[in-house]
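Letters A, B, C and D mark the chains as written, and numbering starts fresh at 1 in each.
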Amino acid sequence: MQDDVVIRVVAKVMIPAVMLFALYVQFHGDYGPGGGFQAGVIFASAFVLNAVVFGLNKGRHVWPAHYNLMGICGGVLIYGFTGVAGMAFGENFLSFNVLADDPIAGQHLGILLVEFGVGLTVAAVMVMLFFTFAGRLSHNRLLSKSDAHERRLAPKSSPSKEVTK
Amino acid sequence: MSAWMDPILGQWNYYLVIALMMIGFYAVIARGNMVKKIVGLNIFQTSVFMLYISMGKVANGTAPILTGEPSTVYSNPLPHVLILTAIVVGVSTTAVGYALIIRIQESFGSIEDDDIIAMLDDEEAPAS
Amino acid sequence: MMQHLPILQVLLPLLAAPFAALLRGRELAWGLTFLTTGAAFLISIALFLEQRALGTTLVYELGNWAAPIGIVYVIDAASALVLPVISGIGFIATLAARQLVAAEIDRRDHGLFYAAWLLTIAGMLGQVTTGDAFNIFVFLEISSLSAYALVAMGSGRDRRALPAAFNYLILGTVGATFYVIGIGLLYMLTGTLNLADLAERLPQVEETRAAFTAMAFIALGLFLKMALFPLHFWLVPAYAHAPSAVTALMASTATKVSVYVLIRLIFGVFGIEFPGLVDGVGLLVLTLGIAGAFVGTLAAIVETDLKKLFAQSSIAQLGYMAIGIGAMSATGLAAAFLHLFNHALMKGALFLAIGMIAAQAGRATMGTLQGAGKQIPITMTAILFGGLALIGVPLTAGFISKVYLIRALLEQDFWLLAGLTFVSSALALAYVWKIIEAAWLRPRPEGAPELSETPSQYMPAWIMVIATLGFGIYATPLVDAAFAAAHVFIPATVGAP
Amino acid sequence: MSAETLIYMLLGLPLLASALVLLFRHQPNLRDGQAVGLGVVSAWAAFQLYLLPTGASVTLVALAPGLTLSFTPEPLGKLFALVAGTLWPLATLYTIGYMRGAKEKNHTRFMFFYAIAIHATMGIALSGNLLTLFVFYEMLTFSTYPLVTHKGDEAALKAGRVYLGILVSSSIVFLLFGVIGVWALAGTLDFVSGGILAGKIDPFYVPALLALFAFGIGKAALMPLHRWLPAAMVAPTPVSALLHAVAVVKAGVFTVLKVSVYIFGIDFLQQTGGSDWLVWAASFSILAASIVAMTKTNLKARLAYSTVSQLGYIVMGAALATPLAASGAALHIAAHGAGKITLFFCAGAIYVAHHLTDIKDMNGLGRTMPITYGAFALAALSIMGVPPLAGAWSKFMLMGGALDNGYLVVLGVLMVSSLLNLVYLGEIILRGFFASPSHKWDGVQEAPLAMLIPLSITALLSLLLFFTVDFLMIDFGG
């Protein structure tokens, strides 16, 4: 699809807009509709679009594979340790009241961090899913011609091999 | 609306949900193709999502965003939040399911239940 | 710190999982897992002791939001009894996993393996700890999804793991979805998801059809998850083809947690007074339990693959737990809890010992075992003791749960059922005898693979064997705890120990 | 010495002996000598315990509420302990002679499990409740398995499979269920005189529950569960002598007796008629086994079926459920124990001295082995119930019990059985003394002294028991 000018141009314009919208959904989540889940998916869709339009290799170049695991784990850890922070201040897990000077600000801060963690994880998971499946399929197509094909025949052909020996 | 039609029309969402549920469940059970099974599973789960979401609707209620007016009737946001989690779980399940299907295709060369069962039987036979 | 134990119980393995996934070296990932599960085990013992000492229910409010609105974690006599089972088995299985996983899993996947391993444990601990019906679903899926992945990791050695994991996924998801439907209906009826709150509000609507439907969906979903006959077909291939360490972990814990959740929902939410519970669900569970006990045992007798054999026997043992539940009495529930505890110990021992053999010989069948009694006497003795416990020989833990199970049935004058239960459990002798005969009474065939054993290989299994014998010889505290757990759900009017 | 100490001694001495056997495995004389010595000590301890009044109790551990491992000697148990304790040193002495004379292998392993089996037997004898009894019952089964398969050849392994198969499966399927059933009904498993089940169970179920015990206790060899006993005869003769004439089979009938007396209670059985069917089952067992015994020409096989038949007497005593019959049954444990061990000792002596196992080859052997055959004749007469020998009393009391209960048929059964005894045991004696010799034997060729001494002592015991019957009588009350 790289050759199609219209798609390339539109994609180039769209991708930053999608990402910006994702950030809006992400950080507006504690006031209005939105939050980490939705933002993460939207954010990831920008990368998916990029990969679809410009090819898997270029897509991987923009978001290297090892970011995925770090993003997934990092997001979970941000969530977890935001909760643990409440415990550090002597309150229960996920108590955000104590994170800032007054409870309201604390709740804001807490939910912001938690949602950021969620967003990070969701985005990373989505990108990872896409790249894994897409990469696997092309890989698979190669396999099916040689490796898997042989493996499928292996049980039947093995006795005949012995005969030829 | 007459009295006898009320339980039917008033609860149309449940009929829809049940129909979806049965379609999905049927696909899970009756289809031998694993991809179709996953699709069926998704339909099945979606019906549950619909069940939850539709139950959160309060008659004449608006979206549960604070308007500042005390007279506003809000819909119940809790089922939506729950189902957000359930959707995430559903996506994860689908992803794991497809990942398994790809691996099965790679090593068995088929994603039809019957083929695989036949192959498994072949493998079991000499071992025992 | 002490007041945070209920959340730390779940949080520790949950937060250790991402670290394990990030750690490259397999020794590091294992070490982290080992420390985490060890700490989780200590926490559950502390919780158990604290709960037993106080005799009250420990409640932990997440985010300081009080009960019906916020999610609470609840440690009562029942969950305090089940937590050490899960974390303890998790700990011992991790101990064994070091060698089993090194032998069976590609070393690049070790980080991810241990991450999934920790998530499974965290999910199971969460199901037991939480006091929120929907939260149970979330933890159920956390543990199940990682369990599917763990089972599928057996594919490096045995490609049959893949379809097994896929079927497990399909049926597991269907079961979980049924559960969610039931919870949804309950929420529509009562407007709450907190288990204690549900139990309070449900009597006002207990005669409605929606309440019955909710119970049916929840029970059915959990029957699937706990592999109650005839919904058990996913279990055998999943256990048989999973990596050995995973089999040991899951066989001892996964279905048990579902049994616990079933008890918690059926007795803790609907309550023994719920119309139709005793005559309907009770009779159904009783019948299916007996049938499962026979089907599982008979299938185990003809089975030659050891993992499958003991997986079939798990079906039978789950049948006994179901019988305990179906007796619908405090003694029956206590018997179910006792058997839940004891069966985890003995199946853990068995699968750890068999795993060690399978890791060496590729697979563990009756053929592999021939004459093995001379080559690996210590491991085989562990299997022997595990088998004796399965039969329910006195001085093993199996005997204790069996006597209480029979007692529960006789209390209600179910003479025939008691006899059937007994006969089916004694039939276990047949497959245990098969193993004894193969291992000790037959010579090792020519050209059979050499088996060896070192202390680090048989120690995990032996820890479980010693626990099995220990809880068989001195079971009084355990029996007390089981009755305390049962009395959470059915008040102590009849059948005190 | 207090009863508690004696209990610990009786249980501990065999264990000590087995440990010392392992320790002295390279010094055969020391190894065997200590076993005999400790056996004498335990015989003395059993005698002391028998003299002490009942009431002592030792609890090892409480498994769960109502389930304990404890030891409470009562008259019946003390009698059994006395029988086992007295015969142990004699049998050990005999074993030494046999094992060396017949040049068997794996002497140490044999002695080790022999002592463990005695430990298990003592545990059964002294057990204070059904659970303890069950545990030691299983222990006895497993510890005798290596003894039965001692030869290690195909036939021995096959017999061992039958042995273990019948004993283990019957005990686990029926006996254990009975034990659990009793516990679930009564809430306790303690042996209490007068029984613990009265009023706790619907009389309708009593026969069924009793059946669980009668057929669960495979060691009592009640037909059709007797197959293991002839199969176990592949074992070396000392095993057959001590274990399959005394320890194992007596543990079986002892358990039956104990269950009917202390769990069901004689009166309760009498009132409910729950044991009527067992009278017939025992009668069948007595007669059928006697008839089978006549068809066997292998000496040990014939003795084995004779044992099956004699065990039927004791089960019968339990089933008749009268105090007199129960006393007779208890006495028969001692009387038959002394008699049958002598017979087996003689069979072993014949094998060691002349390598003969078939009765047809033993024509005229009595003149070559006068002491052995004399002892054999004495013991055989005791088993037939001829006064003045021990068997007379027990048979007499059983008949009295049957009369009390109105079972005239049982009188007939006992008469016929005595006649059959006469036929199949008398044949051996007659052949030995009066038939023309089938071989050329020059002069007297007896077995080693280590074998002759024990078999003479046990033969004389049969005589002695007749005159000391008051000492051994147990009064089960009216």
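Convention: contacts are C-beta pairs under 8 Å (C-beta built on N, C-alpha and C of every residue); 3 or more make two chains touch, one makes a residue touch a chain.
Here the structure is a predicted model, which is why all the values come from computation and not from measurement.
> Does B-C or A-B have the larger number of C-beta pairs in contact?
B-C
> Between chain B and chain C, what distance separates the C-alpha centroids? Give it in angstrom.
Distance between chain centres: 27 Å.
> If you average the CA atoms of chain A and of chain D, how far apart do the two points sit, in angstrom?
Chain A and chain D have C-alpha centres separated by 77 Å.
> Quick one: report the Å distance separating chain A from chain B, using the average Cα coordinate of each chain.
22
> Distance-wise, how many Å sit between the C-alpha centres of chain A and chain C, to the nearest whole number?
33
> Among the residues of chain C, pick out those that touch two or more other chains and give their numbers.
Counting only residues that touch two or more other chains, chain C contributes none.
> Touching two or more other chains, which residues of chain B qualify?
In chain B, 99, 107-108, 123 touch at least two other chains.
> Got a list of which chains touch which?
Chains touch in the following pairs: A-B, A-C, B-C, C-D.
> Going by the contact rule set out above, which residues of chain B touch chain A in the complex?
Counting only chain B, the residues touching chain A are 63, 65, 84, 88, 95, 98-99, 102, 105-109, 122-123.
> Mind pulling up the chain C residues that touch chain D in the complex?
That would be residues 391-395, 399-400, 402-403, 406-407, 410-411, 415, 418-419, 422-423, 426, 429, 433, 437, 441, 472-476, 479, 497 of chain C.
> In the complex of these two chains, what residues of chain A are touching chain C?
Chain A reaches chain C through residues 69-70, 72-74, 76-77, 80-81, 83-84, 86-87, 91-97.
> Show which residues of chain D lie in contact with chain C when the two form their complex.
Interface residues on the chain D side: 61-65, 67, 131, 134-135, 138, 157, 161, 165, 168-169, 172-173, 176-177, 180-181, 183-185, 205.
> Using the touch rule from the top, collect the residues of chain A that touch chain B in their complex.
Chain A residues touching chain B: 32-33, 37, 122, 129, 132-133, 136-137, 140, 143-144, 148-149, 151-152, 155.
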